[in-house]
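Look at the two complexes coming up: chain A is in both, with chain B in one and chain C in the other.
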Partner chain A sequence: MNSLPLITSWLSLGSLEPHPNVTPSVIFGLGWLYLILFCMNVAWTWRSFHKGHHIDLPAFARGGHIPTAAIWATYSTVLMLVSLIHFSCASSPDSFWFIMPDFAKTAVDAVVADARYYFAVTTVGFVLMLLFRNWLAQPNIGWALLNLSLLFLTISLTDWDFRQIVGKPDNVPIVAMLFIVGFFTWVFFYRANENDRRSAQGRPPVEAENNEKVLTWPDLVYTEMICMIAVTALLILWGIALQAPLEEPASAVKTPNPSKAPWYFLGLQEMLVYYDPWLAGVVFPSVILGGMMAIPYIDFNKLGNGYYTFNDRKFAITTFMFGFMPLWIGMIVLGTFLRGPNWNVFGIYEFWDVHKLEALNNVNLSEYFWYGLGQPLPMAPAGSEFWTQAPYILLREAPGFLAIGFYLVALPGLMAGTIFKKFFVRMGFVRYMVFSNLVLMMAALPLKMVFRWAVNLKYFIAIPEWFFNV
Partner chain B sequence: MPLKPPAAKDKKAAAGVDRRSFVALCFDPLVLAFGFMAVTSQVWVLALARFMFPNVLVEPPTAFKIGPASDYPLGGVSTKWLAARGVWIVHTDQYKGRNLIYALASVCTHLGCTPNWLEGEQKYKCPCHGSGFYVNGINFEGPAPRPLERVGLKLAADGQLEVDKSVKFQEEMGQWEDSNSFVDGSLA
Partner chain C sequence: MSVGDYIRDSQIWKSVFRHPAPYDRRNRVVVMLTNFFLHLHPVSIKQQGIALSYTWCMGGITFFLFLVETITGVLLMFYYRPTLEWAFNDILALRDVTTLGIMREIHRWGAHAMVITVWLHMYRVFLTGSYKPPREFNWVVGVILLKLTLLLSFTGYLLPWDQLAIWAITVGSNMARATPVLGHEGPGFQFLNLGGYDLITNASDARFLLLGSRFVGEETLNRFYILHCVAIPLAAAGLIAIHFWRVRKDGGISQPL
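This part shows the complex of A and B:
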């Protein structure tokens, strides 16, 4: 007689699943999370009630209108019930049903575990954010977005693999960072929209109208002190709650798998997947820093000084935000949550399998070109001198040199005659060349990523003999 | 409006430095202070340079014996010497169809992490940026621009194989043809 199930049930070990999606303590913790969400929404309901807004129903619903407070109150009630379900069902995790359904996990993983879709989704999301900024920046919509993201996070925590990634003490601040970035982006659009509306009506921006000066002492110093105390308290709590993710002593022959840079360098690490170290580790970071220093000298738009606006600085803000959100924050998210063992891309609900196989055979542009012509790569006779080899190597990589030359030399001229005509006229030759090359360098990263994912392109110019790969 | 100071006059004064005032200048406290500072920092730089060449180097010798060739059967990648010496001993006929034993340095040619040998997938896979290498060391996936480097391997007088990590052989430079970079696999 097999008595193992009996024994485990006596010991209340529950299932023998080594990676349980839900356990009593997980369900109990989620109950508290829903309770916090409930409290937040009660506060918001109270706010809505005092604001007194309402939503007009469409004609087929007989054109009535509902106060927004009623909607939030209903939603809060549902949250409280969900919380109660968690508290009362915590003892039987095996039959717990309020979890992320498998089909949803599969669908989400299919999108995020493929870098092409991930990048497409972040870029399209970025464009949609700019297009629908007026609608998104309403307080009720902002609150709904916050709730949606929190609900997604909370229900995702019913997945074991998701908990491993998000709950790692290293990664908790990245989760917080996502909400902080979202909040400040929302605040920017909220204020910018207000000023853009005013500007359309011919009124001065909020900042110009309410420019009452305040005193350094006490107004500023008090604010700073309160912030200081709050941040100190937060850091102490953080230090107590989350243990420092210390690892075993380092060994030169044992690299952790995956090996991740500190979170703020994950954008650079992602760049290193596509470009050679001298480019992604030296040239591009220098260009980013130098380019940011050059912005004030490139910028000829005198508007947008000292007040929030989007319409007055459309190009500048869109360019910066594209570099910051899909390219920097997006790459940090990709590096933190999606890159797993062997630097493969994993879904957020996917087990980090060291043996996950991805076909990643990469091909250089020169190989595409010469093999496409049905010819072997131009190669110098074996054992020849440097000066005999050089012409062969340059001929071999000629397609890459032409492509890069076209991109960095010819394209600025073409753009000056077409899409950047106004910029060229306003800036003059030197400033325009600096500007266009900076924009092209920034675009070089997503372009290379797309080429890598789409056609497995390795390097445009590949000269390993001279340590020169682009 | 404040007048511009007459610059030309100062230049004339500077030009009129005679021997006596030059000696006085040398003993000027400011000049002395900066002089001492310059000399001290030079000594610091020299001391730092000397620090880079320690008297005693506590490192294992670069040449070491790894046992007879028969320890390394065909088709195997030995990770026996990885932890201590940072080399894989590879016995394969996957490079230009020749039966060879050679030692690959366990340093990724992209940015220098230590790749893992994945027996099931028959490849070396770097955990840092995802570079992958075939069993023979040739790069095929990820950003690594060139194959793993071989280190020296020869048959010692006592019949054991001897690795020499002081020399490197790069495939893309045609150095894998060098007879010091491999041992005939039929010895195994």
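This part shows the complex of A and C:
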């Protein structure tokens, strides 16, 4: 056998590991990333220096002050050193130590590789964001959060599996989207908090002050021009840096595992885990669209039109943001980065093992009910007609029909008398019913998730004979 | 007299632009009224309404990306043939040999970007309460445009005809066969039958309508190509015109009441 090619490849790669966590080019690239981070933070240090803010030390440190700029300068210096370490150690990847430690990988994966924890963490994070919105919306805190998430991304890139999933060309825009959505949410809270403070003092919102008319040329057309140039430049650079994906030619007999819808529909595909296609793929998307169109006609609150505010529209903004962030964006992230072969959930540092097994013993509500009573499921004699079967099927699924009926018909009435009393009075019957059903439909997804995780519930109503499973 | 003045003083320049350059206040007003592209805008506008931290410029960027997609899309149409024989090979050639094959990259990344910017535009409009009266209907038009953006991206996803394309479309369109009443695996399809024969089968249901076939094949490629290049862009262009017109008629960019 000719062993020469093997030896030379061993020499050039430095390792026989087929999935190396770090290679010279990875380390070198990360060095550049840290250098960019360093430059960003130098600019921020400069800004802090000119703002001249201080941080007060607690009493036991004798109550001194530290200039914010000093903290950022120290941090920038560390980034510079880290960048230098990368550039100087790039040639010896096997002994490179500045990587994501294994215990941290295990800890992160333990959380994200389980849909339950993932959903719990995103939801709790969302609630914390709302509660601590005043604290979070400070520029220095925002900058620190941006740096933390960028550092997490950068150091995670030292993992082979992480690079595979995040570096896929079609997934790059999703990573960017997370930062962009985070940034604009921060901008929203920054402006909303300012207006809420003003409102408490009886002053008008920022948008109502210094609001003279200006000429569209040049004040608006120049902004548009700059935006157009920036977007064009971005697209060209992006096009040069990343090649559009092109896989093997289409083959109807070779099903990839996993088969994924385009990324913006992965939230809907994720719903398929909990609901059947007729709901997750047809009814719920239609309800989402119809519900969004209905928003202007059910929101009777006259406040908060034309300016950023949170306090004037607490319910509307919380509901919408919950739908947009943990449910829509959160499920896209789950579908894109965490769903692997056989639609199992994998950690971000976990190898996509086709043979990973997850036991799924899901039980229908009817089975819980009838077996709980110690009875068999009501079943028509084998081979009987449709009209003979129907009463048996309806009896079998009666608990589910009652539950759904209670949820969509009785619950709105109960809420109208209690938590949504004000809404009911202001909205009138029709509008209130549309509103409450939309809210309940939106809550149906997280509710089914919780039931699935808590008691392995498969369907509330299970009539596979008629393709009618809820 | 500088060269610039000489050009601006020529008959050709004047015949195109009709008025002197917008250097003074009067001509800055006139340019907005007499230029076809600029007359979408009002002559003057509230200062806070156009603040970048208020609008995020997301609607404008979405529209600009629509234009970029149209231009790069037309260029790609010169090259690409939507048949099983050529589709994949044409894309391969665009990647490997064609001059300016980067148009495909720009088209694809522009499409991803447009999906993101249209979401962010909706997010901003919601957060500023700009859907409230008198702008309710324009929000509805906007929701339809958002849906059209996703459909444009979805139909375009099939055209490269690689594994990524057909399986994403297969997964996405499989939903349609579970459409209530109109899908052959949807609840209630049994109601549509004549004399014991089902009217809704896998060759006549909602999925068949979408794919033009019982599976993602040549008819689907043709159907998605027409939807992607002609039908949806036309619908979107019409609705964009209405969307912009309504922005003006409903009082411009939203402001505190």
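Keep in mind that, in the parts below, the second predicted complex is superposed on the first by the 459 of 470 C-alpha atoms of A that agree within 3 Å, B and C clash if a C-alpha of one lies under 4 Å from a C-alpha of the other, contacts with A are read in each partner's own complex, and residues count from 1 in each chain.
Going forward, a residue touches a chain if its C-beta (ideal position, glycine included) is under 8 Å from a C-beta of that chain, and two chains touch if they have at least 3 such contacts.
No experiment lies behind these values; they were computed from the predicted model shown.
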| Clash or fit (per the criteria above) of chain B with chain C on chain A | fit
| said: Which partner chains sit in contact with A:Phe179 here, chain B, chain C, both or neither? Use first/second/both/neither. | reply: neither
| said: Let me test your reading of the model: by the given contact rule, A:Tyr371 touches which partner, first (chain B), second (chain C), both or neither? | reply: neither
| said: Quick one: is A:Ser259 in contact with chain B, with chain C, with both, or with neither? Answer first, second, both or neither. | reply: both
| message | I want to verify one number. Taking the Cα centroids, what angle sits at chain A between chain B and chain C, in steps of 10 degrees? | response | 60
| Which one hits more chain A residues, chain B or chain C? | C
| query | Which partner does A:Ala208 reach: the first (chain B), the second (chain C), both, or neither? | reply | second
| said: Just to be sure I read the superposition right, which of the two partners does A:Pro277 touch: chain B = first, chain C = second, or both, or neither? | reply: both
| First, second, both or neither for A:Ala382, with chain B first and chain C second | first
| said: One more residue to check, A:Gln269. First (chain B), second (chain C), both or neither? | reply: both
| message | Output check: A:Val231 vs chain B and chain C. Expected answer is one of first, second, both, neither. What do you get? | response | second
| If you stack the two complexes on chain A, which partner ends up touching A:Phe188: first (chain B), second (chain C), both, or neither? | second
| said: To be precise, I mean the smallest distance between any C-alpha of chain B and any C-alpha of chain C in the superposed model; what is it in Å? | reply: 5
| message | Using the superposition on chain A as set up above, list the residues of chain A that contact both chain B and chain C. | response | 251-252, 254-256, 259, 269, 276-277, 281, 467
| Sites on chain C touched by chain A in the complex | 22, 25, 28-29, 31-32, 38, 41-50, 52-54, 56-57, 60-61, 64-65, 68, 88, 91-92, 95, 102, 104-106, 108-110, 112-113, 115-116, 119-120, 122-124, 126-133, 135-136, 139-140, 143-144, 147, 150, 153-154, 157, 160-168, 170-172, 174-180, 183, 185-190, 215-217, 254-257
| field | Interface residues, chain A side, partner chain C - complex | value | 170, 173, 176-177, 180-181, 184, 187-188, 191-192, 204-221, 223-224, 227-228, 231-232, 234-236, 238-240, 242-252, 254-256, 259-262, 264-265, 268-269, 276-278, 280-283, 289, 292-293, 295-297, 299, 301-309, 313, 316-317, 320, 324, 463, 466-468
| request: In the complex, go through chain B and note every residue touching chain A. | output: 82-83, 86, 106, 110-111, 113-116, 118, 120-121, 125-130, 132, 140-143, 145-146, 172-174, 177
| field | Residues of chain A touching chain B in the complex | value | 251-259, 269, 272-277, 281, 341-344, 354-355, 357, 360-362, 382-383, 458-459, 462, 464-465, 467, 469
